[in-house]
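One structure is given here, and the rest of the page talks about it.
Chain naming follows the written order as A, B, C and D, and within any one chain the residues start at number 1.
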Amino acid sequence: MNTVAETPGEHPVTDMKRCIEDCLRCSRVCFSMAMNHCLEQGGPHVAPPHFRLMIICSDLCRVTADAMLANFVLHEELCRACSRVCEECAASCRDLDGMEECVDACEHCSKSCAAMLRR
Amino acid sequence: MNTVAETPGEHPVTDMKRCIEDCLRCSRVCFSMAMNHCLEQGGPHVAPPHFRLMIICSDLCRVTADAMLANFVLHEELCRACSRVCEECAASCRDLDGMEECVDACEHCSKSCAAMLRR
Amino acid sequence: MNTVAETPGEHPVTDMKRCIEDCLRCSRVCFSMAMNHCLEQGGPHVAPPHFRLMIICSDLCRVTADAMLANFVLHEELCRACSRVCEECAASCRDLDGMEECVDACEHCSKSCAAMLRR
Amino acid sequence: MNTVAETPGEHPVTDMKRCIEDCLRCSRVCFSMAMNHCLEQGGPHVAPPHFRLMIICSDLCRVTADAMLANFVLHEELCRACSRVCEECAASCRDLDGMEECVDACEHCSKSCAAMLRR
């Protein structure tokens, strides 16, 4: 039996709450690692395509979280873009030293956002 | 003859510049009208679905502009979401008094973002 | 004996970590309550001076948290402004029904930011 | 005779409009140069203290512009912080090749924000 409030055609409330948490964590981890670990390491950690991914991923995750926090009806448009960008950011981080936390945050966020899309 | 620098499969530089301008203008107009005209008018101007559209539309337009300013490779993911949200925001503003500038900014931004998508 | 890493003239690391958490919580609570409780209640909850405080407070708290997450040397400039804006936001929320969580978040954030300033 | 609408103790409307434009320009120039010129140049252009200044300066300029666009009563708190951060960002950019546009944007924004403070 489902103990979670659920309206037909909508997402269970707990799924959205988890997605908000995953987006906020990913936004914070990407920004913090870009501005600390990546800048301090230099070299491939500040290669333009990688660094741009980190910063735009962080910004998009935050707006996606805000859309869900605001009960915005079109949150799926943002979740779709966010899921894709997080997936690419995870892939870019996987090739670099010391980015495990960022890979994990991006992977979780990508999956949570994908789960918000209407099947 | 085309005088604009263009790489096969990419967008003409002038199209992206125009899209950046349209996104920045839309972000500013939505935020400013929400925080001034809408709050001062009250009533339907601060109905939750309308007001949320104005705020999230403004935020998404800004991140979409940032993605293009940063030469971010996945900017199309953001342009797709931004085009859709702007379209809805224009529709929501059309029903309300004194929102002509916002309707115009959202319509232009929606079209510019749609034009950035690969056909 | 102090077990926390501390450099003369700098803040204990734990103080900054707590301030980051307080800023991120305040940013989220202000935005979420503005976009849900305030818009749904209407009346004095969407009075322009109150609502503007909620939105700008949320934005400033986020940038202040980002400055500290990025180990930005001039974070005190942001903490000073943030402490003052949060204090005013707490005062504005105190007069309205159902804003206890926001009063609490703003008060904590205001104090944490004030504690980051060099005496 | 003063042809600009002015309330005793407040700023002339034209001063605030100029300050908003300067903040928005500075936010855009700092972000765009960080994500393009600085990342592409590497070396001292991505030294952590310089790069953090560029990113936080861009974010703070945007929130300061938003505060004025929203007619936020406490905009001086943000203008004070913004003026100081822009001043430091201009100084940091002055030492690096090809950053003239950023030096100019930061200097103008710093002065405009300082002019918003009550004497």
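Keep in mind that, in the parts below, a contact is a pair of C-beta atoms (placed from the backbone, for glycine too) under 8 Å apart; a residue touches a chain by one contact, two chains touch by 3 or more.
No experiment lies behind these values; they were computed from the predicted model shown.
Visitor: With centres defined by CA atoms only, which chain is the most remote from chain A?
Guide: D
Visitor: Taking each chain's centre as the mean position of its Cα atoms, how many Å separate chain A from chain C?
Guide: A distance of 24 Å separates the two centres.
Visitor: Taking the mean of the C-alpha atoms as each chain's centre, how many Å separate chain C from chain D?
Guide: 22
Visitor: Would you give the residues of chain A that are in contact with at least 2 other chains, written as numbers and ranges?
Guide: Within chain A, residues 35-36, 48, 52, 55, 66, 70-71 contact more than one other chain.
Visitor: Connecting every touching chain pair, does the picture come out as line, ring, star, complete or other?
Guide: complete
Visitor: Across the complex, what residues on chain A touch chain D?
Guide: Going by the criterion above, the answer is residues 35-36, 39-40, 42, 46-48, 51-52, 55.
Visitor: Chain C touches which residues of chain D in the complex?
Guide: Against chain C, chain D makes touches at 48-49, 52-53, 55-56, 59-60, 63, 66-67, 70-74, 77-78, 80-81, 84-85, 88.
Visitor: In their complex, what parts of chain B are in touch with chain D?
Guide: So the residues of chain B in touch with chain D come to 24, 28, 31-32, 35-36, 62, 66, 69-71.
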